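Here come two complexes built around chain A, the first alongside chain B, the second alongside chain C.
Showing the complex of A and B:
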């Protein structure tokens, strides 16, 4: 049973910018595997492609002219499917002198194929919690009815009464207060924290085998955040659901994830056990290290010292430099590797005990 | 001891809520006490941090201080002028020495103007400098916020989040303020950029002798930036004091809950739930009688729900516990 539940192989998700006549390479060759029962955390700053990776898995990147290539293999029981199978056939690129001049996409065919691939997977096998719970719920329907819909669509509890019982069970499960009352509330009647709980209930109600949580705590208050993290930790311990957790908050990732992948500029730059990756020491990618150092620690706050900022700005995903993507901002380049860093992008080097780092400093 | 630059005395801001035609005819009108009696002062070159959950009124405090919304009652005295009693031209003139940085990165940047025009507009709004003087100041401002001058010909949408924040800051600095209300200046930014902006704000404070009212929900950033911290809950300050004191030995249960939730979130071994009690919503229109925090308060639960906490006649006042440390609680933690 140790086989991966979801295996992303060399995923590339590009969006085409007509005004710039170039691709915005949001996700540029990401390979990840999520094993059954584990929580994989993806950390990175905004624009690094973590959310787009999740949306690609869910088949939610649709109408915009863009390209998705690679494989996303989902395997559970009798269901084996490559969620990107044959999608590239409905996209045509016209190139002139090595420059992409236009992207023609048969949106209808793309959508049909994508929907066919996602049937029974999206919502049922893979459920997702979004960053903004209020915006992700139907504002015209009571929360309970929305959860009932998920239950009836995706589980064997198709009877109305039975489904309502299940929905209530899940609302209780996520520790929403007075669940019977909330059942009939519309999303606008719930606070942000409660809405997020309802959203988690809705996702779990479909009894998915994989849960994707995209920034589940962002935008909530500090006190509510810690409650939601507590809830996720509790659910993880009790249900043991496989989770892909996406966050820019190192604290949340550190608390919940078993393994962590750090993304920068559309690529995974480091991957390994949560403790090793979040150690932020010598054995880590310079970016991971700088990212962890830039979070104000207890000592820095006490001494009111300067924060260790990462100079420069996040990567421009249109004109990607030839060498290492982090080279411009990296403060750990040594003379021995400088040339390679500037000219040649490193691959993921093995750094021992399952940890892999995309940095020339780790080249054997 | 430098004198106080800003003094806020019993500031109140109540928003009226219309509830439709018939309720209006009956004269029943909802009042939301967003800010309900806030007093504090700020000295020259000092930073006061204002923390609290969303909806506690911290942004409204900032806006009312600057006169962006009128106060319902109370006084705001800035450098000897009573702002709440001012209007028109005198207030406009005073605005050049007090400014606000908004949470929204795009809020102060006209999308149809180039960066140079944006800065020029800010420079000429209070004074009439010559073109050469203007150009010199623009470059000086860019220098101060550590941006390159090639950004001048760009439009706001071409900038990244951190750059927008810097331009927003340059625009505020252009009028030459002494006091800046910084409303969540880092919340829309990534951690690596957040660190840059925090460092920049502290540099500017040193170089330009600025005073800040630093509004944020990020407790660590507030502690790092501020000399004093005021914690707000439902429109009132519940605890105020030197930042080290507030973060390491809080007296108000709410402050402690805020700080522990920050730590708990990261602590793998943390015991979920339990200690913090029920964490329901709070009702703004009808704050509970007595202490507003009582329904969520762990101390109140642990002490067996003492009657004094929910007694309408005895809402705990902000008392001085030790020198410069104020707390509004019947049972302050020691």
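Showing the complex of A and C:
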């Protein structure tokens, strides 16, 4: 096995819409690898499949008509597991003239198999934090008890007193103020920022080898956002935990990520070192450039000038065009490539030093 | 922590008990006024159908010491009731309270058992459809639950009686078979009929299914799943306990109402039968006592729900 802790290979997560008789292809052939100790950032607009990718890894796609194929290999120490092993056996597609007419899914068997594969991995080896931290904590239980539960489930500190000590330690570690008081508080008594700190404490308390942070700063006040990012940066430096960071916020990605994958329309359109990808210049995918150009600088805010938005809407993942998925919105199409862009989807072309770009402009 | 959460509970109980007291007074006034205004009186019972003259009636009134105005009658009753004396039955001449406690227990067994039957049927159907959504199994089950709930109780009762007697040769009258040991089936049939037919099943299925599927989609339940914890441990309070107690509390009056019918059909010596008999006899003390007891039972249902809510909900129990 390579150094990759998590290797996602050709992941497809589709949701079948009975009313439209079509698949919503939220994640459509994504391959990613996260190496030990690094932070991989995934960026893209809402609806690009970032979160669905993370939820697929965690086995949290519970919507009944969800179909997941591909491989998700998790390897740590003696534990090697394909988290999607055998799931396809509980799905049957009925086709008519080559079109998929219906999906018959034995969701019970699916769920059981998924839960079996996730045992010991979900929550223990891979922990996750979410956006909207206040709603993500159980409102009926004190914050401390929820962290204690994670400690007792996944670490050797199973004794009650010992687990409480650990939980308190983690609350102190995430720099929540008056941790002893918060330990006994219910989530309603905490602010959004405190809740996210508690969520981070709860995730790390399980001593996971991979942390998935799904939009960890979204929905928080701007000042709180930067404090949470500071905390994550600090924990990264101290613990060196491998992280999959999902955000639409280029600033957050820029501060934390070592490598970045840009997603559009359920696919990775660019992947590479954070510096190269976030350069947002000639060497980048037109979508990445547009994303970076749309970040308002301080000067623009001061002058109250219009923000640069990307024309058009995020790709509708039901009717996917034959050509490049970004073609409709792309403003860098040259006459030399126009025909190919419209008719044929590009693959990920090598752009040097580990960077890969899904754009015909980069074709050798 | 513990002490802090007990205090609001005590306050709640104090408030609720005070409210219960006034509620019961209110119920007694209303029932008494209705009884007073209704045609007929206990004389016809006492005199077994003989029509006395007006002078004879007055004589009896005076001999029995019955106050003349309705409100003095009421306050005479209230005064005694407040010290625990519910008077004697006009029909039997026996004190009301011991008899009421005896049949009240029977009714409690009937309604409590019926509640259990309702939950045993409704909860699995509701939870199964909440977890799995609409499937080939959950859909017919739900329909079946609705159809059973829609059956009129008296019809279902007589149907069960008919089938039991005609095809199985059992006489499922709870206490009719004097001398012989009462068999379990005599108790089970009325309880089953009330539990299935009271109409509570469809309500529990609908309410619990909606609530638990909503809660299972809550973000904090997803967090529970993400941390490898038991989903139901986290979803239990909001997704099961609160909806079940809420819906059952509202169903208590309907169960008591249904009990009157089932007790008639199956000859079950409970409060319902006693009320039925007393209403025909215009046996005022008995009717009044039963009205109070029924109101109290309904009140207890609500109280249980309030206590569960306050205990479970951290905001309610700490503010």
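As a working rule, the second predicted complex is superposed on the first by the 351 of 364 C-alpha atoms of A that agree within 3 Å, B and C clash if a C-alpha of one lies under 4 Å from a C-alpha of the other, contacts with A are read in each partner's own complex, and residues count from 1 in each chain.
Quick note on the criterion: a residue touches a chain if its C-beta (ideal position, glycine included) is under 8 Å from a C-beta of that chain, and two chains touch if they have at least 3 such contacts.
It should be emphasised that the depicted structure is a prediction, and the values quoted were computed from it without experimental measurement.
S.K.: Chain B versus chain C on the shared chain A, clash or fit?
M.R.: Because the two structures are overlaid on the shared chain, the partners are seen to fit without clashing.
S.K.: Considering only touches as defined above, state whether A:310 meets chain B (first), chain C (second), both or neither.
M.R.: first
S.K.: For A:358, decide between first (touching chain B), second (touching chain C), both and neither.
M.R.: neither
S.K.: Please indicate which partner A:105 is in contact with in the superposed arrangement: first for chain B, second for chain C, both, or neither.
M.R.: neither
S.K.: Which holds for A:149: it touches chain B only (first), chain C only (second), both, or neither?
M.R.: A:149 sits against chain C, while chain B stays out of touch.
S.K.: Quick one: classify A:223 as touching chain B (first), chain C (second), both or neither.
M.R.: first
S.K.: So, does A:259 touch the first partner chain B, the second partner chain C, both, or neither?
M.R.: neither
S.K.: Just to confirm the geometry: in the superposition, how small does the C-alpha gap between chain B and chain C get, in angstrom?
M.R.: Between chain B and chain C, the shortest C-alpha distance works out to 8 Å.
S.K.: Residue by residue on chain A, keep only those touching chain B in one complex and chain C in the other, then list them.
M.R.: none
S.K.: Can you list the chain B residues touching chain A in their complex?
M.R.: Chain B residues touching chain A: 53-54, 160-163, 190-196, 198-199, 202, 217-221, 223-224, 244, 247, 257-258, 261-262, 264-268, 270, 272-273, 276, 278-281.
S.K.: How about chain A: which of its residues touch chain C in the complex?
M.R.: Listed in rising order, the residues are 58, 60, 64, 107-108, 118-120, 122-124, 127-128, 130, 132, 135-142, 149-150, 153-154, 184, 186, 188, 199, 202-203, 206.
S.K.: Would you tell me which residues of chain C are touching chain A in their complex?
M.R.: 1, 132-133, 218-220, 222-229, 234, 237-238, 312-315, 318
S.K.: Using the touch definition from the top, list the residues of chain A that touch chain B in their complex.
M.R.: Checking each residue of chain A against chain B gives 45-46, 175, 177, 191-194, 217, 221-227, 229-231, 233-234, 248, 250-252, 254-255, 290-291, 294-296, 300-302, 304, 306-311, 313-314.
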